[in-house]
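Which chain is which? They are A, B, C and D, in the order written, and residues in each are numbered from 1.
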Amino acid sequence: MTDIADDKKALICLIANLLRDCNHVAVGAASPIPGAAALLAKAAWGTPRFVNILGSVANNFFTGGGGELFDCAAQGRIDAFFLGGGQIDGQANINLMGRGDYPSSNPRWPGTFGSAYLYFLIPKVILFREEHSRRTLVEKVDFISAPGLSDNSTYRKGGPFGLLTSKAFFRFDKDKKRFRLESIHPTSSLEDILDNTGFSFDYSKEAPLTAPPDPALLELLNQEVREKVAEVYPNFAEAIFPMTSSAAHAK
Amino acid sequence: MTDIADDKKALICLIANLLRDCNHVAVGAASPIPGAAALLAKAAWGTPRFVNILGSVANNFFTGGGGELFDCAAQGRIDAFFLGGGQIDGQANINLMGRGDYPSSNPRWPGTFGSAYLYFLIPKVILFREEHSRRTLVEKVDFISAPGLSDNSTYRKGGPFGLLTSKAFFRFDKDKKRFRLESIHPTSSLEDILDNTGFSFDYSKEAPLTAPPDPALLELLNQEVREKVAEVYPNFAEAIFPMTSSAAHAK
Amino acid sequence: MPIGFEDGSIDEFAMAIPDGAKVAIPADYAGVSMAATRALIRRRVKNLHLVGVPTSGLQAELLIGAGCVKTFESSALTLGEYGPAPRFTKAVREGTIQLVDATCPAIHAGLQASQKGIPFMPLRGILGSDVLKNHPGWKVIQNPFANNKDPIVAIPAIQPDIALFHAPLADREGNVWIGRKRELVNMSHAAKTAFVTVDAISETSLFETEEKAAGVLPALYVGKICVAPNGSWPLPFWNGAEVDDAHMRRYMEMAKSDTGFQNYLDQFVMQESVPA
Amino acid sequence: MPIGFEDGSIDEFAMAIPDGAKVAIPADYAGVSMAATRALIRRRVKNLHLVGVPTSGLQAELLIGAGCVKTFESSALTLGEYGPAPRFTKAVREGTIQLVDATCPAIHAGLQASQKGIPFMPLRGILGSDVLKNHPGWKVIQNPFANNKDPIVAIPAIQPDIALFHAPLADREGNVWIGRKRELVNMSHAAKTAFVTVDAISETSLFETEEKAAGVLPALYVGKICVAPNGSWPLPFWNGAEVDDAHMRRYMEMAKSDTGFQNYLDQFVMQESVPA
């Protein structure tokens, strides 16, 4: 239990560092790790200055309705966002629609949401998928909900920055149109990653281990930011901050 | 003074009758006669059910900002509207831009406002211009802010219904593309109208006098509706309801 | 005042939504009229064309499961943390509903085009996705203001017959308070009319203060109102209610099988007893 | 928190609006920052491109008269019942300003295109008008969804550098309360940033209640705030103030002649003493 909590906290700290250069980060209500990371970065460095938790009432400052997120992205006012996918391939194409031949997908997943749009407009899109397996990280997705790359005639201000899983962090190299292994989490190994990744990617045999979280940052998360995370993601907070009594955070 | 007030009340009653078949009438804040007519019709018959006084705070029910009027018209949710013009011609073209060669108009008037749009989309547009002279009612306008007619390939759901002046009421005949004199106000005559109209129009030598206002309607205006008119158009109410003390309607 | 405003039951309200209607519905967090949804199933509505704005959840899942839906147009159907929607998943697998899969901003853009009375709205992104390849309505056009090649997707207007949702309050004139949920305003402007269930009636005008007025959908756009306290149950409601977590888990359990889903309908829809 | 939020004077606020800026300003009834307008004249700003949303009045009239304006883009400049705007009329007659004459919904559409990050928005109407014939930016395109000839006007995006207006309240986070005046939100979303004068500062968050939140422009869009009580004087303000009728009449009298207008500027702008 504590190990899993520690792993999740490490992911939160890693993502927080990736958001430090942002002014405004939007995250989904059902994305507790990215959401906690954005809240942590704001608490640690004051940047991102704006963190918008979509679907939340108290932590969402949009006042223009459900469309404002998309307009805001098109205005260049959202610096980072997170996308997942039932399948992600080596060209950073993502599939949120389903496995098999569309339209009779089996299984069918929820659908494309805003990915086919936001992936084009938000500069730093971080692909985040905890399950790292040949089922999720595939050679070629069955359905392109949103393409990782576009040709030169396509208006595109944003795209994939990297891919974070429970085993590793990859950076996406837009020139080479491939992922490059950036670091390996302490619970995994290069061999484990090669075994469980369905697409080919660049790597060095000396690929470093993912650095452990900075103790001060971890301390901040466990102390100050814990309350904020619990406000937005109560169930998640229960799981990763086991000392948090449910009474203390009941609404 | 009282004569002028009576004339204006007659115009109000005439317009009110034209609005009786409407669900929603929008009027400008600076259009007291049409505005009073809409309020009167609502009070008399319950139709229009919705009267929206633009630019007013208390009598404007739009909540979507300045653009809602135009969207609402495009949705087919506004049945009648009023347009004026420094010049109006025999094809119902209107000019709100200025006299002479654009852009160095002399004089320049305020500009086109929403006319170039609303004239196409609101079914019953009533042209209202009190000054009836060869200066205002011209053969051809110097600048078409909004055309009275469009060709068949043009998307057009609305257009001119009629033209009301201080001397007469004309109906616009879309097939003949001309105005037809409908009735002559008691203060004028056919000769007077022919003398003072710059465009040619159809008429019968037996063109009737404009019917005097229905006494019950006039009574309603003077009693119940007076307060409502004074709320929106205080200066105008002072002028046409001389018994209204300024104290009684001070805000 | 909207027809049937005072005395209508939720079942009468649902009767006014005809078979085959194109109905716009909000996402699970924005005020879903689950009370009207159950009444629609009770009245055995057929061939609905649902437009999930921009996504849907339990509402579409139940209507699809109950055989009320011909077409589902949206950018997702999600039950969030409860997992894959069982009836939707089955309908897709078996091809029993027609899918018009979009992406969130395109749903908004299609509604806004209808709201503005324009035939289409251009939209960035989307190019190169299989969503574009499979969408029956979208077209790629050249940006008329660009000198170089600049393709852009044109999203045709979506005009629902009815926008259907739940809101906290309506007043006696038929104005509805929607707070910050402006997608409900857009939906209603875009649709021919709006049908709204509300928790309660305000005896004073919602235009009484500028604060309240800023979050009002005017009566002009509203065709029918029905009082249905807690009408979004078991879904959460932005104006206070939390999701009924136990009920959602129970649904997921029952809806695994066809008979379980039928039992759910019998128990919670046909013989409705909504907790207060 | 916006720069200079606490300690900035109105003259410092105006200094941050550069020469040549494209500035969106609201209609006379929607919250005009006349305080900032006078400060702009005092700082002798040059070559402004004003976008009146969708019209302007005294604000543009003064700036044009004072020689601050290169381009005036709007659908009207009107002083309402006070009659023709004397300095505007003269500038048009003498050709000293560049005119981009539009129609109200096209101004809104151009801003909304910028707000949505799209190159243009199609718009009905306008065809056959001399407004279309003379507009430098609009194009007529064929509706790509029509089988027959169906021309429609394409309005290119209007992206102002700054949206400038007056509002009742801002909070310490930089959020601004605009009530029902959503054109101010559209203007601000469309512009690179918003500069706002306010009557007062709210010590509590404007997001504290849903009622208040529904009328908020979020701080994300706001670049600068300056406290300027009664900052719309002599214009009316939707949040309470009536027009200063006597002052408007005085302006009309003085602005008849060039010297009279200069005297007006000297007396009411250069040595400003705004009544409380």
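The rule is short, and it goes like this: a contact is a pair of C-beta atoms (placed from the backbone, for glycine too) under 8 Å apart; a residue touches a chain by one contact, two chains touch by 3 or more.
Source: prediction; values computed, not measured.
The chains touching chain A as well as chain C are D. Within the contact network of the assembly, the step distance from chain B to chain C comes to 1. Between B-D and A-D, more C-beta contact pairs join the chains of B-D. Distance between chain centres (mean CA atoms), chain B to chain D: 28 Å. Per-chain Cα centroids separate chain A from chain D by 40 Å. Centre-to-centre separation between chain C and chain D, using Cα means, comes to 37 Å.
One inter-chain figure worth recording: chain A and chain B are separated by 59 Å, centre to centre, where each centre is the mean of the chain's CA atoms.
Residue numbers of chain D whose C-beta contacts span two or more other chains: 116-118, 123-124, 150, 152, 180, 185, 210, 213-215, 238. Multi-chain contact residues of chain A, defined as those touching 2 or more other chains: 57, 62-64, 68, 70, 74, 121. Interchain contacts (touch definition given at top) occur between A-C, A-D, B-C, B-D, C-D. Of all residues in chain A, those touching chain C in their complex are 29-30, 55, 57, 62-68, 70, 74, 96-98, 102-121, 143-147, 150-151, 153-155, 235. Chain C meets chain B in the complex at residues 114-118, 175, 185, 189, 207, 210, 213-221. Those residues of chain D whose C-beta lies close enough to touch chain C in the complex are 109, 116-124, 139, 141, 143-146, 150, 152, 154, 156, 179-180, 209-215, 238-239.
Those residues of chain A that touch chain D in the complex are listed here as 24, 50, 57, 61-64, 68, 70-77, 121.
Across the complex, chain A is touched by residues 26-27, 29-30, 53-55, 74-78, 80-81, 84-85, 88-89, 92-95, 99, 101-106, 108, 112, 123-132, 134, 148-152, 180-186, 238 of chain C.
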